[in-house]
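Chain naming follows the written order as A, B, C and D, and within any one chain the residues start at number 1.
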Amino acid sequence: MANSEKNIEIVLSKQALDLSACQAFVESPDCGGLVHFVGTVRNHTKGLKVLSLDFEAYEPMAISEMRKIAEQAVEIFSIRKIAIHHRVGLLQIGEIPVIISVSSHHRKAAFEACQYAIDTLKETVPIWKKEILENGEVWVSATP
Amino acid sequence: MANSEKNIEIVLSKQALDLSACQAFVESPDCGGLVHFVGTVRNHTKGLKVLSLDFEAYEPMAISEMRKIAEQAVEIFSIRKIAIHHRVGLLQIGEIPVIISVSSHHRKAAFEACQYAIDTLKETVPIWKKEILENGEVWVSATP
Amino acid sequence: MITVKLLCFGITKDIIGTFEKSLDVSVGCSVYAFLTKLKQDFPELERLNSLRIAVNEEYVQDTFVLNHRDEVVLIPPVSGG
Amino acid sequence: MITVKLLCFGITKDIIGTFEKSLDVSVGCSVYAFLTKLKQDFPELERLNSLRIAVNEEYVQDTFVLNHRDEVVLIPPVSGG
């Protein structure tokens, strides 16, 4: 599922995410600095071994919330372009659930905008992950 | 020219830099966050049109200074891995002079370490770029 | 009475026991009243670190009043990224 | 007298007119004294925003004393990245 404007690209996909595609979208001949954040599935959590992660999204709202974040990042940090790609479905260790890519005239703004976007995504975008552990399954952060 | 240790990879190369290779070096099953900074050659500077950039390095010292930055970044920010790749020679608009990639348990440290590394590289590593303009050539930042 | 569609994501699907259900609520029912009733029926919802409500793909406040055919979505703590 | 090898990068190569040259300096010559003499011979060096010196691949202070066969490198403002 993809949706793009001139300077914003939002993708929610069941397919593997592609860093090169994000790089290609944000790079621009008038920009000197690109910053990418790439999330990967960790093999442990709170001392427990993680086998895989299952991502579920409320898809239309996840896309609209990711778009809001991208629009806010452009507005607040005056960046040139931003791509936010998120994966859904079952991911193995080392696979990539999220990529956020930003280009900007000034690299400081690119770093700040990229960090703002991942921090905000983790607070507002309706996507949930379930950890598949050796002895069961846990919805991350759901309960104390 | 390449040189690698367990958690640090320093490359100074006449060949095109490869973001996928940097991603592959820093990704680690015990890390949840990777940050890449990718520099690109801008098509303008101070209102002048740039045709290309020529990068020259004092190679042995450039490599040792990049390694110092990487070691400091590991020390200061407790990151897991860092790759610093820099290109030398003649680059066209849109080509990539530098990639800095960092992996960390915590994404905040990865962002901070990556920004620290590029900021410090621009101050200490003996590499010089000459802008090839329509009407001449200029060593960047050399004179007021 | 009006009818709303309830969607349950993440852990709320396990607690409610279904992903989607149709519910009849009073005219003028606020999100607050809706949630209070739901927590009475499913006390395990009280254990969640947070529980937000979205209506028609937007987060809403407790004071938001539900309308006929609204899509009401339970948003337990999100964990994307 | 001792002999050092001077390497000139970036704009300093244009100012000095060569990338590499061999120079004789007094025994006990400091980097400060070395630079002062070089700036007398090549006044254009004064125009640079900065000029650091590396000896044998390490930055050194003005008080550093040169040794026979040292590789002395002119480091005008760097602009990598």
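FYI, contacts are C-beta pairs under 8 Å (C-beta built on N, C-alpha and C of every residue); 3 or more make two chains touch, one makes a residue touch a chain.
None of the values given here were measured: they were computed from a predicted structure.
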item	value
Contacts common to chain B and chain D (chain labels)	none
Of all other chains, the one whose Cα centre sits farthest from chain A	D
Rounded Å distance, chain B centre to chain C centre (Cα mean)	49
Distance from the mean Cα position of chain D to that of chain C, given in whole angstrom	73
Where chain A and chain B are represented by their mean Cα positions, the distance between them in whole Å	24
Numbers and ranges of chain B residues touching at least 2 other chains	39, 118
Which chain pairs touch, all of them	A-B, A-C, B-D
Complex contacts: residues of chain A adjacent to chain B	19-20, 23, 27, 29-44, 93-94, 107-108, 110-111, 114-115, 118
Of all residues in chain B, those that touch chain D in their complex	39, 55-58, 60-62, 64, 86, 97-98, 118, 121-130, 139-144
Sites on chain D touched by chain B in the complex	7, 9-11, 14, 47-49, 54, 57-59, 73, 75-81
